[in-house]
Amino acid sequence: MPANEMSVMDNKQAITEKQETTTAWEPKITAFVCNWCTYAGADLAGTSRMEYRPNVRIIKLPCTGRIDPLFIIKAFEKEADGVLVSGCHPGDCHYTTGNYHARRRWIAFKTLMEFVGIDMRRLHFSWVSASEAIKWVDLINNVTDEVKELGPFVEYKGLND
Amino acid sequence: MKIPYYPGCTLNTVAKDFDTSAREAATVLGLELKELDQWNCCGASFPLTPDNVMGLTAPTKVLVNARKEGDTVTTLCSVCYNVLKRTNKAINDDRDRRNLINEFIEEEYDGSLQVIHFLEVLRDRIGFDKVKNLVKRPLKGIKTGTYYGCMLLRPFEDIGIDDPEAPVIFEDLLRSLGCEPVEFPNKIECCGAHLAMGNEDVVVRLSGNVMTSAIDSGADLIVTSCPLCQYNLEKSQKRLVQDTADYSGIPVLYFTQILGLALGQSEDMLGFEKNICDIRPLLKEKGV
Amino acid sequence: MSRIGVFVCQCGNNIASTVDTKKVAEEMSKMPGVVYTCDYKFMCSAPGQENLREIVKAQKLDGVVVSACSPHMHEKTFRKACESAGLNPYKCEISNIREQCSWVHHDKTKKVGTIKSIDLTRMTIERLKKNRPLKNINIPVKKRALVIGGGIAGIQAALDIADGGIEVILVEKEPSIGGNMARLSETFPTMDCSQCILTPKMVEAELHDNITIYTWSEIEKVDGYIGNFTVQIRKKAKYVDEQLCTGCGECIEKCPFKADNEFEMKLNKRKVIYTPFPQAVPNIPVIDAPHCVKIQKDKCGACAIICGPNAIDFKQKDQIITEEVGAIIVATGYQLMPNERFGEYGYGKIKDVISGLQFERLASSSGPTGGEIIRPSDGNVPKSVVFIQCVGSRDEKKGVAYCSKVCCMYTAKHTMLYKHKVHDGQSYVFYMDIRSAGKRYEEFVRRAIEHDGAMYLRGRVSRVYERNGKIVVQGADTLSGNQVEIEADMVVLATAILARDGADTLAQRLGIGYDKHKFYNEYHPKLRPVETVTGGIYLAGTCAGPMDIPDSVSMGGATASKVLGLFSSDEMSREPITAIVNRAICNACWDCLNACPYSAIEKESENDRHGNILRWLAKVNDGLCQGCGICVAACRSKCIDLQGYTDEQVYAAINAF
Amino acid sequence: MKIKISKENLQSEFVRKVERISGETLSNCYQCGNCTGGCPVSYEMDYGPSQIIRLLQLGEEGLLMNANSMWVCVGCLQCYSRCPKCVSAANILEALRQLTLRKGTDHENVSDLPFPFLKNAPQQAIVCGFRKFVS
C-alpha cells in the first residue's frame, strides 16, 4: 500500500471513532453518478429538503460512460458494501450516447461480477434524471435497506492490501 | 425435368380438368409433374389463429411426405399452395410450433422444403420465353382477364410470389401465349371463397363483380388458378345469366387449359364443354 | 507534501443546523497535507471570498477544498476566487455537504450529518491531491459562416448572419436557391402567394454584400472543428460561364431538346439548357449534361451559336473550392415520398393521382397550367377531387411511423384553392386526425369545411383504381362505420415528408447525428433544438424533421443568433475537461476512436525523418472533445485519460471512503 | 345504444382470450378504417372489421358476439395486407369464430346443406367451410 493511502486509513479510523461501537452496523454505499442528470437529481432532493438514508457517498463523473468497471471492483475492495451506478435516462444522455456505452459495458460486466461471486443485489444500475428527486430518494433507501439485509461485504476487503 | 407435384383433393375429383390439362402441358414443356407417392388433404385453409396447431398437422404431413421425394413441391391449386407454403414457413420460423407439431405427428420436419406454384415453375424454372417458343397456336387478339383471387398473393410476407397490389405473373404468362391481358380492378379481390357453403348471395355478388368488372374492361375470357374461384365464378355466372337480362357471360377457364390450348392440345381433350359459357365460339371468332 | 486549505461553510443555519462544521474543520486538520482549516458563516459572501483569497496567499496554499453547497452552485465562484489569489482554478474542489448532506439528513443531534460531511470532505481532499493544474482552452474563431441548402430556412439564416456583419457562403445543389417553398402556390394560414414573399428574400440574398452564393454545388469534404472548419465545395459544371452570361435566356429559347422538369414535379418538360423557374437566383442557366446532345453526341450546339457574349462553354469542368469557416448551418430540407411506393393507390401509374407538390404546381399561377386546375391526363377540369391524408405517414408497414406535420394544413389549403378556382367542384378529404395545432390553424381548417364546402371523411382509403375513365376511391368513413366509395376525377396524395436522399452521407461528412429516418439530430430536442452535438454545426428547417415555413424561418433565425453569438469574440474559451492520450503506450487499437460520440479522436502517425510511418496512435482533437470520458472507459490498455476526472483522481476518492 | 366502459370490461377474460387466440394486440389498431374500407364483404357485416376491433378495445362482448361479421368474413386477408399497423382483423375474426365453435356451437347445420352443393362443390370448399362453421 502506498504511504499516503496508509495514512488515510489510519486517519479514517481516528476520525470516525468506531461508529460501530455505538450504533448497529450500517452499510456503506458508493454511488457513481453522472454530473448532468443524477447528480442534479440528488441536488434537487436536497433543495426540496427530502430525507433519505445517510449511507451513500457520491462520486461525480461527467457521464456514466466514463465509469470503468474497475472503479466498482475497487469500491468493493475498499469500504463499500453496495455500489450504485446512475445516470441519465436512455436517449437523454448529455453526451448523446454515453449511457448506452455504459449499459452495454454493464451487461458484460454483470456476468463478470456474478462470476467473481458478487451478489448482484449489492450492485444497482439506475436512471435518475435531474427532476427525479423522489426516485433518487427511493433508490437510496431501497438500496441501503437491501444491502443492510445482506450484511457486510467482506469477501474482497483488503484484497489489495 | 421431373418435379414432385401435390394435386390436392379437389384436383383429384371435381377439378380433374385442371389437373389433366396441366400434366399434358407440362409434358409438352419437357416436364413431368410427378404426383407424390403418398399425400393427404392439406386442410384447405391455413389456420389464422396462431394457437391452432392442430390445423397445421395435416399440411405438415403433406410436407413431410414431399420432402422424402425432393427439396421442392409444386401445386396447381392456389389454396393448397397458400396452406402448404404458409405452414412450411411457420415451421421454419417458429421453433415452438415446430417442436409441438413434430411431437404430435412423430416426425422431424424442419421446414426445409420449397413450396412453389406451377406458375412459378413456368416463370422461374422454364421461363416464359421458352414457353413462347413452344406455342403452336398463338391466341392472338384474345383479351384475357387474369383473376388472381386472394390465396395466390396474400399475405405477401409469407407468399411473396409477386406484388400483392399489382401482380404480373399471370399476365406475363398469357402474353407469352399470344393473349392480350387486360387490367381490371377486381383481379385481386375475393370471389367469396368458402361462403359457397351457406351464403351464396355473397358469393354471387363478389364473383359477379369480378366478372362484370372484367367484361367492362374489355376481357373476352377469365383465367383462374383455383378450383374454388372457378366454382364460385361459374356458379355465379349461372345465376347471373338466369337472373340478369343484360348479362351475357364470359368464359372462365383454368390457366392450364389456356396453356394447353396454346401448346397445341386438342380442344376436346381440354374439357371446354363443361363451362357455362363456351370459349369455342370466341376462338372461332378471333380466328385462332 | 501538499499545502491544502479546507473551508467549511455554515451557510447560515442551512448547514450548521445539522452538521457540526467546527468539528468537520477540526477533523480535517488532522489529514496529511492539510495545513489550514476553518469554518465560516457564508463562504460565498464577499467577505467570505475575500477571506479565502487572503488565506490562499498567506498560507501559500496549493489546493483548496470548500465544503459547502453543490458545485453546480458555486464551483465557478470559488475557482475564480482562487485564480485571483494566484492559484490554478482547477486546484480548487467543492465538497457538497449541503444538498447531499445537511439538507437531506435532518438529524438535529448533528451526528449523522457530521460523519457524512467528514467522509465527503475527506474524499474531496484526497481527490484534490491528484488534481493537476489545467488551463482553459482557447480556440481562435474564423468569423465566416457556411450555410448548406438554399431553401427558406437557409436563406433566412444567411440573411440574418449577413445582416450581423458576417460573411456567409450559401451552397445550394440545385441551379437556383428557393427550395421547396418556391414550388408552393399560396401558403397557409394566411394564403399569401409563396413567390411574392420568397422572391424578395432570394434577391436580397443575391445582392447582399456579405453573401456569396454557390448554386449547382455540393459539399465534398469537411475538416476541422468549431471555429475552424475547412470545407471543400464541388461546384458542378454548368457549361455556362457565370461571368459572361447576362441571363438573356436566348439559349433556352433556341435549345431544341427537352427533358423532365423536376421543378414542376415532372408535370411538364423543360429545355436541356434551363433555369428551373423564371425568378431563379442566380438567373443563369445550366446545361443538363446527360440530356445535352452536344455533350453526349457532339451534335447540336445551338445554344452556343445564339449566345451573344459566348458564355456557353462545353468544356467546363467541375471545380473544387476550399473555404475556411467558423460555423456551419445545415438547411438541406426535405423531399416527398414518391407516389410509386403505393401499390394500392396505383403506384404512380394512374396519371390523375398526383402528389401534394404537384397540386401546388397546378394551382400556382406560374406553374405549367398558369394556375388552372386541370387533369394531367386529359386537360379537363376535375369536378370531384379526393384528397388522401397520411399517405405513407403514420404507416409502419409501408411508410414511416411519424406524422409529417404539414399535410393536414396544406390539404385544407388545397381544398380552398380548388374551391376558389373550380366553383362547382366538390372536394373530399380522407383523414385520420386533423392536426392543426398552431396560431390560427384550426380556424383555417374549419374555414375549409364550413366556408369552402370540403367534405371531410374520417378514415383511410384502402384502394384507388380506374374504372370506366373515373378514379374510384374506396375507403371507410369510420364515423358512420361504413365502407364508402367515391368516383373522382382527380386524387391528391398527401405523401409523407422524408429526409433527402443522401442526407446520411452529408451527415457523415459533417460528423453530425441523424435518426433512423435520416433527419438530423438536435443536441437536445427541447433546450438546444438548433444545435448539433458537434460544436459549431447548427440545424435549420426541415432537415431536422417535418415542419412548416414559420418554424423553418424561426429555426433559420435561431441558428443565425447562435452563429453571431459564437462570433462575438475572437477566441472561444472552454473548460479543459478533455481527454488526453498517453502517447508512449497507446497501441492504436482504436477502441477509443470507435467509442467517441463526437468523432474527437483522430489517427495520428509518427514518422521518421524520411516520412516513413513508424507507428500510429490516437490523438484527441480538443476542439471537438466534449469531455464525456467514454473513450477512457473504452481503452483497455489505459492509455487515455480524462483531465479533471483522471483515473487517479477517481481512485483517490474511492480509496478515501 | 349505450356501452358501459369500465376497467373490468377493458381487461376482461374475454378480451384477453381474443388477444391470445388471435395473436394480435388490440391496442395497436388506431382505428383508421382501412380494413373496413378494403374488406369485400364489409357491406354485409353488422360491424365492419375496424368496428369489431373497436368494440373489443372497449371491452364490449355482447354486441360483437351477436354480430354476423365473423361468419361473413371470407378470410381474404385484404384487411391485414393493407393495415398500416400490421394488425390482422382476419385473425381476430377467426378468434371470435373459434371462441364460438370451441363451445360446441355450430354455425352451419351439416344436415341442412343441399345435396347438389355437397356433390358438385370442390372438396376444398367443403373442408374449409367445415373448419370455419362447424365445431
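Labels A, B, C and D are assigned to the chains in the order they are written; within every chain, residues are numbered from 1.
Definition applied: a contact is a pair of C-beta atoms (placed from the backbone, for glycine too) under 8 Å apart; a residue touches a chain by one contact, two chains touch by 3 or more.
Everything numeric in this text was worked out from a predicted model, so none of it was measured.
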### Message
With centres defined from CA atoms, tell me which chain sits nearest the overall protein centre.
### Response
C
## Note on the structure
Contact tally winner between B-C and A-C is A-C
### Task
Please compute the C-alpha centroid of chain B, do the same for chain C, then give the distance between them in whole Å.
54
### Query
Whole-Å distance, chain A centre to chain B centre, using C-alpha means?
68
### Query
If you average the Cα atoms of chain A and of chain C to get two centres, how far apart are those centres in Å?
37
### Query
Roughly how many whole angstrom separate the Cα centroids of chain C and chain D?
48
## Note on the structure
Multi-chain touching residues of chain A, meaning two or more other chains, are none
### Task
Quick one: which residues in chain D touch 2 or more of the other chains?
78
### Task
Would you give the residues of chain C that are in contact with at least 2 other chains, written as numbers and ranges?
344
## Note on the structure
Per the touch rule, the chain B residues reaching chain D in their complex are 8-10, 13-15, 41, 43-45, 47-52, 55, 77, 79-80, 150, 154-156, 164, 189-190, 192-199, 202, 206, 227-228, 230-231
### Task
Show which residues of chain C lie in contact with chain B when the two form their complex.
343-344, 347, 349, 465-468, 472
### Query
Hey, which residues of chain C end up touching chain D in the complex?
344, 390, 394-399, 432, 458-463, 474-478, 481-484
### Query
Considering the complex alone, what residue numbers of chain B touch chain C?
163-166, 185, 213, 216
### Query
Which residues of chain D touch chain C in their complex?
30-39, 42-43, 47-48, 50-51, 78, 82-86
